[in-house]
Structure formats: C-alpha cells, structure tokens
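The same chain A turns up in both complexes below, where it pairs with chain B and then with chain C.
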Partner chain A sequence: MSKDVVIMSEQIEESHESPSGLKVLWREIIRDKLALSSLILLIVISIGVIIGSAILDYDEVTKVDLFNTHAPPSSENWLGTDYGGRDVFGQLIIGTRNSLAIGVLVTLMSGFIGILFGLIAGYFGGTIDNIFMRILDFFLILPFLMIVIIFVAIVPKYSIISFSLIMTAFLWMGTARLVRSKALQERELDYVNAAKTLGTSNLKIMLTHVLPNLSSIIIVNMTLSLAGNIGIESGLSFLGFGFPESTPSLGTLLSYATNPQTLEYRWWIWLPAAILILILMLSVRNVGEAFKRATDARQRRG
Partner chain B sequence: MWKFTVRRILIMIPQIILLSVLIFILAKMMPGDALSGLIDPNIDPDTIEEKREQLGLNDPWHIQYVNWVKDLFQGDLGMSFFYKMPVTELIGQRIVNTFWLGLATLILVYLIAVPLGIISGRYNNTWADQLITGYTYIGFATPTFIFGLVMLWIFGFYFGWFPTGGSVTPGLEPGTMEYVLSKINHLLLPAISLALIGTVSTVQYLRNEIIDVKQQDFILTARAKGAPESRVYNRHILRNSLLPIAAFFGYEIVGLIGGTIFIEMIFSYPGMGQLFMESIVARDYSVATSLVLLYGIATIIGTLLSDIILSIVDPRIRIK
Partner chain C sequence: MPILKVENLKVHFPIKGGIFGRTVDYVKAVDGVSLEIEKGTTYGLVGESGSGKTTTGRAIIGLNKITSGKVYFEGKEVTNLRRSRASFHRDVQMIFQDPYSSLNPKKRVLDIVAEPLRNFEKMSRSEEKKRVEELLELVGLSPESIVKYPHQFSGGQRQRIGIARAIALKPKLIIADEPVSALDVSVQAQVLNFMQEIQKELDLTFLFISHDLGVIRHMCNQIGIMYRGRFVEEGLTEDIFNNPQHIYTKRLVAAIPNIDPSKREESLQFRKEVDHEYKQSYANYFDEDGLAYNLQPISETHFVALPEKG
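Moving on to the complex of A and B:
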C-alpha cells in the first residue's frame, strides 16, 4: 500500500501540474456518454421549462373552469384538464420549474449548513466534534417525513420560503457527516500545520485552505442529494404537505392520482409527471455518479 | 463486547429524552388543546378556565412536561378528540396492520436481496450482473410513492390481480381461514412495492461484499487446497458476506418507516402511517405527536439493535 503511494506521488511530481478538481470533473463527464447525455437533457429540460413558464400565462393555467373538468387530451389541452378544469400540460411545465427550483434551493441551503457544521466539527475535533456529533446523531433518529409534515401543518404563515427552511432543517446531516470525516483527515496534514505555525487564523485556514481541498467531494455529495431532494419534495407535495395547490409542483399532479378514478382511467394527468420525476432524478444521479468516479482516481475513465 | 453494548445503550437515553422534549414542544406549539374539542362552545369561559386549572394546563411548562412523561409511562397518550377515544386504543387498532406490512416487507427484502446479490457478486461482469446492477441503479433513483402508484395502477386496476385498498375484505369472520387469506392478499401488493425499492441497497451491499471477499487470500488458500467451487462459495464466501446483511435488519426497519407512510396512503391500508396522515388533516394533534414518538423510538431501537449485532459479527467496530 505504502509502496503504491510512493510511486503515485513520484508520478505526480513528474507531470509537474496536476489538473484542477473542476477540470477532472469535467473530463469525466465528457468521457461518460450516459452522464453527458443526462447533463444535456437536464439543461434542455431546465431551459425548456424556464422559457415555457415565461410564455405561459400563469393565471390562465391555474384558472378553475368547472365546465371543462377532467377533459381528455385534445389540441387545446395537450394533456387534458384536472378536476378543476385546469390545463395539465401547463401545470406540468410550471410544476417542473417549481420542483427543480426548490430542489436546487434546498440542496444549496442544506449544503451550506452541512459544510459549516462539518467543517467546524472536523477541523477543531475533540470536544467540539463530540458535541456536534451528538447533535447530528439526534437529528438522524428523527422520523424525517413525520416531523416535516407536522412542522408544515403548524407553521402559521406557510409559504415556499418556510417550506424550504423546514426541509433544510432536517436534510443537512449527510453533507455534514461527510465534510466532517474529510476535514478530520485534512487537519492532520502538513499544510494545515504549516499555516498554523505561520499564524494564520483558524477561520482563514478552514475557508481558504481546507475547504478548497474538499470542494470536489462536496460537489459530488450535493449533486447526489439534489436528486434525492427532488424526490422528497414531490413526495411531500404528493401527500399534500409541499407546495400549496395554487403553485403546482410535479408532486401536486401526482397527488391527483390518489383519486382511484384518476389513477385508473385518466393516466394522462399523473403519468407524465411521474415519468418526468424519474427522468430528472436519474439524470441528476448519472451526472453525480460520474462526478463521484472523478473524485476517486482509481475509478476514473477520463 | 459488553462495554460497547452498555455504552451504546447509554447514548440512547439522552436521545430518547431529547426526542420526548422536542415532541412535547411540538405538542405545545400546536393550536388548540385537549379542551377545545371536548367542550361545546356554549359553556361559559370561566368553567373552561376552571377545567384548565384542574387538568394542569396552566402550570409552568416543566411541571407539565413531567406530568406528560408520567402519563407516558402509564401508557396514557391522551385523548383523540376526533375519534373520541384514548390514543393508546386507537393506535392499538392500527399497529397490528403496520406490523404485518413491515414484517412481510422485511421478509421480501431478504428473499429478493440474497439471491440477486449472490448472482450479481458471484458472476460479476456477466449479463445477469449487469441486469441486476441496472435494476438497483434505477431502484435507487425511484421514489417509493411513484413506484407504488404504478404498481397499484398496473396490478391493482389494470390486471385486477390484487385488491386496491383496505386490509381485509369486509364481512369476514376473524379467525377463519378465509380471513387470514384475505389479509395476506391485501398485504401482498403493498409489501412487494415497498420491498422492490427497499431492497436495492442490500443487493448492492451484498454484491460488493462478495466481490470483496472473493479476492481475499483465504479464498485463494481454499481453492489451492482443492475445495470445490460450491464449497468455496457456500462455506467460505457466503458465511462472511451474509452476516452483515443479516445484522442490517434494524437499519432496514428504520429505512422502511418513511416508506410505509406513502404505501399505506396509496393502498388505503389502515395502518399507523395512514392514521398519522388522517390525524394531521383532522388536526387531531395528540394522535399525530404520539405516532411521531412511537416511530422515533422504533428508529432508535432499530439502530441500536443493528449496531449491537454488527459489533458482535464484526469485532472491528467495537474498537472505535
């Protein structure tokens, strides 16, 4: 094992410059056909729904029309209408945009808290680490779905902001645990000691020395949790505890399938949303898996 | 081993206390209290105030908390104002259904994971392995509720092979053979849906474990000594790879908890998850908080069991 390390470090010295983290990630994506097509698909879907929802008249889509409920697909309503006579295709476009937006928002916020928490616990270690880990352990044993639903039910002024805050509050633990374990390894390394001897402040070491070294694994982790968060949001909306019905998400369209009539005879209302969620989650995962391989030099293809 | 077990149990105690405090705070934050449902609006406010005093609702919060915990230990979880019966009794009616659903799912998870994991690990990089790896890859990305919906649509409605709701055909006498068969029939589709998604991580773990063990020196030794291939796999590799999988059952339970809520909602299966959703919609918060407490304790005990069993199976964990 140690022999391998010596050989590897010699090779690195020979090549003078090792490629930067981001470059490695990008190279891996290019080499992996599946990940590259997933990434392109994701970009196309994102641009499509952003342009689509800009063109669509929001009031027109969410307008209730009781004379035109549960209409089958037609040239006017491409995917028919729901129980309130609202156009399903329009809701699908706006719903995809909303689901993607909340997924990204929650991933960024929980990533931020997770990085902060993990960095402090891992960098300082000892008692601070102990206390922080006990807090984290406690969050891990909470029944996530139930706690989130209760919070959503009792928050007085419920909005999209409070929804994403509630989700964030119970989703930061994965990132925190990962960052902490990596930071624990980093703090033993010479460059951290060197910076300390030079009198660099702890905050500066954490943010400008340790954090950049963790950046690639953080990107991997956040990409993979984005896939999960899209699923969690649509699940909560499906149960009726995500977005309010006036702001449709992909989960809202799926929740219409809790009506057995809709599930059995009107597949055009819920099936496109279900397929779209699967496509989104799989594509994000494909990209994430390629990133993951890139961070492990032994598994790289590029 | 005892040292690890005792320490692990000691960690559990503050967790349970913290959980109970959090749930108590949640219960206090919820609009309305036990009296808002019991008393009709015509009664004059002074009487309500008197009742409040009697029930201790005006006491400082720490005294209320102690009383609440005392009641918990006596099995008194309060009254459901929606169903007008004690919460313990209400949960008692549903817990059996969720228990059977969980047990059936757990059995199916292992019935699916063990053969698939073994095939995938033993014949890795063949078409069978690629097929199974593809399934686990897609299974990882599929949310349980979408899979459950599609399963209900195809097998419940389109083919009509399975009942589409409830836990038993109404009108059957409990204890008869038909009753039991009907129960199993209602259980099957939800359990299969939950298990097919819940099993993927176990399949993958078993596959990686077998591939890992396959390359170790003692397997080479066994082959060198002329042990037949079947003996190498059954005696040497599987014994090492299956133990951690078996120890995972506690984590497996924890993982299933979120899934049962979705599955019970989709299949209108009258278990605790469905009760939870009903109680939230009806703003019957004493039921909702009791269920969170129950699921939280189940999570703590599930993790505890797996941690302890794993430490017996794999001594390396104890050193940490």
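Moving on to the complex of A and C:
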C-alpha cells in the first residue's frame, strides 16, 4: 500500500517536471469547462451514432413507404418521416455517422498529404521549395466547386471513400503551407545541423526530428479543419453535389428544407440535422481553440 | 601528415536582387583560408563577429557549401562529398555554440546521445543504454539523466550533453564552434578543462573556434586570426601572444584586460601605442578594399599577412 503511494507520488513529480505535449493539451482541456463539455458531447455523439447505425437496419431506414409520408413525430417514428416515408431519426443517426466519417477521413488524408508536402518543401527549401509551392499554387487556383460538380456528374455512384478523395484533393493546401512555414523555421535550428553532422539521413531528420517539433501545431490545425470539413460536406450535400438521398448525411437532410412547405410546416425533417451540425462544429471548434491555446504558453489557462 | 588540411577555402554566399532574383553580388564569408592541424593538437580560430570563423568550421564539416578550395582529412579529399561522407561523419564531429537550440527539445537524453550510435553502430538496446550511461558519466552527468529532457538541464549541463553526443563515436577531429561563449564564466572553465581532459584521454584533435582570446590561449597550440574572411596572422600560441606582427592582432592582444593593478599603466601605454600605430599605418596592413594581404612567413611557424614588398 505505502509502496503504491510512493510510486504514485513519483509519477506525479515526474509529470510535474516535464509536461509532455499531450499532457499540456489535456490539462488545458480540463481547465476550460466549455472545451471539456464539448469534448464529452463529441465523444457521446460519435459513440452514439456509431452504435446506433450498427443497430439500425440500413435498408429499413431508407425504405420508401408511400403510405406514411411527412408523418409528424410519433412513438413509431421518433422524428417523423420525410416525403418518401423514410424514418428521419434513423437517417439522422446514419447521416451523422456518414458526415463524421467523411470529416475525419478528409481531415486525416488531407493532413497526411499536407504534412508530407509541407515538410519536404520546408525542410529542403531552395529550388525544391519553389517547385513544390508552384504546384501548390496550381491546386489553390482550381475551382473547387466546379470540379466537384463535374465529378458528381461523371461518377455514377459514389461512396464515402471517393467523396473523401475528391474533397482531399482540394483541402490539403492549408496544412501544407502551415507545415512548410514551420519547417523552414525549424531547419535553421542547430539540432537539425547537429543531426546532419551525426550522419542521420534527411528522411530520418524530417520524420524523427522536425515532425515531432511540429506536432502541436499540426494537432491544432487538424482539429480546426475537422470542423470546417464537416461543414463543407454538409454544404455540398445541401447544394445537391454531395451524397444522393440513398446515402443519408446531415447535408441531405438539410436540403429537404429547400422545399418551402417543409421549411415552414415540417420542422422535424431539417431542424434536428441543422442543430446537430451546429453542435458538432461548435464543439470541435471549442476543443480546437483549447488545443490552440495549449500550444502557446502565454495564452494557456492550465 | 596533418589530420586536417584546408587549402584556399572559399565560401561565398550569393546576394539576390532585382526582379528576377538574379545574383547581384557575393558575400565573401570565407575568402582563401588555408590551415593544417596536426593530430592531438588544438587549433584556434579567432576573429570578430562576421569574420568567417564559424563559416569555416561549418564548411569543413559540410554544413555550408564550399565555393572553391579543398579539404583533406587524413590525406583523403572530402570537399563537398555527398555519398562517401559516412566515414567522414564518423571521424569528424561538431560541438555547437548554442546549447539551447542544438538539442532536440522533444527527445530524451538517451535518444540524443544514442543518435550517432544508432547511425553507425549496430548495438542492442541494452548495450546502447550502457554506452550512453558511460558517456554521461564521462562528461560528469549522472546516469539517471538518460530519461530526462533537455529543458531539465542548465546551460552548462546541456553543453556537456552536446559534448557527450560528439564524442560518442570516438571521433578523431572535433570542430568546437564557440562551445563556451553561451555559458557563464564559472561554467566555462569546467567545460574547457573537461575538453582538455577528454582530449588527452581519447587523443582528440580540436578545431576551436572562439572570439575569446583568453580561452584560445588556454586551449590552443596553434592560432589563426581571421579578419573579413581572410587570415591576418597564423602561428603558434607563443608567436601570436608574445610577438604579434599584424596591427589587427596587436589590437586584439592589447584588448585583453590585465588584472594586475601594478601593470595598469604599462598596459594602458601599450594600448595607446597600438592605437596610434593603427591610425598611422592602417594602409600598410590592408589593401585598397580593406582586406588582408596574403600570408608571408616571418619564421618557420609564424605567418603574417603583409604586402609582398614591405
């Protein structure tokens, strides 16, 4: 018993001496009640929709029932039905899962490409940096919306993966620029020179020396872009360039509101989705802002 | 055979200008430096800020691109080598000026000191750990330090970690770029004495870069004095301190403070003389561009940059 206490106190002392990056992030979250409740809410929603969509029968939810269209909320259909008689609550659960999955997938993929691209450009600098940045500029001036519309028209039936890929192709540039600028700063520091004189290869220096020192800003950037990506997906689906109705997402539910009748009299179809988008984006943003503060010692609260 | 031989080393940095980023001019950071270092000795490079001493060191180890000139290590040419640098990196190491930025803040001491071992020697984890602990003991840090992060150490301790990393592979030559200038004076002596100890122990050769003449005098067998990318005087420590020939060297030597109060008048007089000579005969020592002339021998070990006729 007393031994345990000693070990415990040692651990506490150690954590007091050198707070690692993750611990600092966690402390900041704990200290900021808004971020903490946002994080809990996010976790509850994510787990809820993942379990919920596993239990729900996909075919049952998307089955058209013409005898039960536009039904108001009842004990059978908790949030009523849409114009095809499909259960809105089920669509909301599956739709949230789809939207979240796309948001996370796009964030991870664009983060991966952006980090790789920015790291190479920033670490090597000079001519390589110049070439990479011109490639990036090219992607930056491509009309995102137009290409997505054409893509929707060409690909007959697309899935979460293909939709994520097309979004990723246009959303990695921000991360790349951020990582490049930080890598440019970092490579001037002596520990990079030291690693070079110690005979470490460039690849290893990039991945094991420079990247860990950029980890905090990468986490912040990816968290904040997660909120944005969920919003972009919903926006595209709302405009009709996202998922078809057979694949529900928060955006497709919201797009029913383009019908004035639905907008005015059938709140149960679009209002829950709208509120959920708001909650998700705000929560992710709150957590991201707390992370952002944690990376800057002057703004920290914890 | 000298362990390191540098022939007419030049490092020029382009100045880009104009709309298209053309190269308008060059900064001649190092402009024709030659030196030879014998095994087991310490060679001191002295000069004011911007005189090119650090650039010389960095160019030798390969951190700056060499514009022209040749570097020989143990008789083999290593100028701007790319592929076959591996063995060179094993034998030549560098100690950096700033103990704060030269250690990766995200790594533990074990990973920092073991990095060269991981690159060149195939060791098991436990062997590696044992070796790092030995190295830390050698530089006077407790073996428990291996689990700590750099920010948990003081400046002097961090510099010792840097030294432990540099000697991990038992190199033959260490380029020490102002290793003590970021440390406070009490710690400077510790680190310098320690460097002399390991020099004897491991038969090391140092290229010691500093602007502190006191430190240089304490450490070095041979000295080269740099001014605007060129040598103004080169010789054994005794040559430089007892018989300075070039006006720039004289000014440097005169500027060393003397703590003996009875000699105060004397050193003041010397300083005034040197200052007077500097004002009188500046033009005799530097060419039209204010650069030093080529080195002329005045004894077997002593070289001074004087105009050829004078």
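Note that the second predicted complex is superposed on the first by the 282 of 302 C-alpha atoms of A that agree within 3 Å, B and C clash if a C-alpha of one lies under 4 Å from a C-alpha of the other, contacts with A are read in each partner's own complex, and residues count from 1 in each chain.
Throughout what follows, a residue touches a chain if its C-beta (ideal position, glycine included) is under 8 Å from a C-beta of that chain, and two chains touch if they have at least 3 such contacts.
What you see is a predicted model; the values in this text were computed from it and never measured.
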| item | value |
| --- | --- |
| Fit-or-clash call for chain B and chain C when the two complexes are aligned on chain A | fit |
| A:L203 touches, of chain B and chain C: first, second, both or neither? | neither |
| When both partners are placed on the shared chain, which of chain B and chain C touches more of chain A | B |
| Touched partner set for A:L254, first chain B, second chain C, both or neither | first |
| Touched partner set for A:A227, first chain B, second chain C, both or neither | first |
| First (chain B), second (chain C), both or neither touched by A:L66 | neither |
| Partner chain(s) touched by A:M146 [first = chain B, second = chain C, both, neither] | first |
| First (chain B), second (chain C), both or neither touched by A:I55 | neither |
| Which of chain B and chain C A:D190 touches, first, second, both or neither | second |
| Smallest separation in angstrom, by C-alpha atoms, between chain B and chain C in the superposition | 6 |
| Chain A residues contacted in one complex by chain B, in the other by chain C | none |
| Parts of chain A lying in touch with chain C, wherever the complex brings them together | 17-18, 21, 189-191, 193-200, 209, 212-213, 215 |
| Complex contacts: residues of chain B adjacent to chain A | 11, 14-15, 18-19, 22, 26, 29-31, 137-138, 140-146, 149-150, 152-153, 157-158, 164-165, 257-258, 261-262, 265-266, 276-277, 280-281, 283, 288-289, 291-292, 295-296, 299-300, 303 |
| Residues of chain A defined as touching chain B within the complex | 134, 137-138, 141-147, 149-150, 153-154, 227, 231-232, 234-235, 238-241, 254, 257-258, 260, 263-264, 267, 270, 274, 277-278, 281-282, 285 |
| Chain C residues within the chain A interface of the complex | 58, 61-63, 85-86, 89-90, 92-94, 96-98, 101-107, 115-116, 119-120, 148-149, 151-152, 162, 165 |
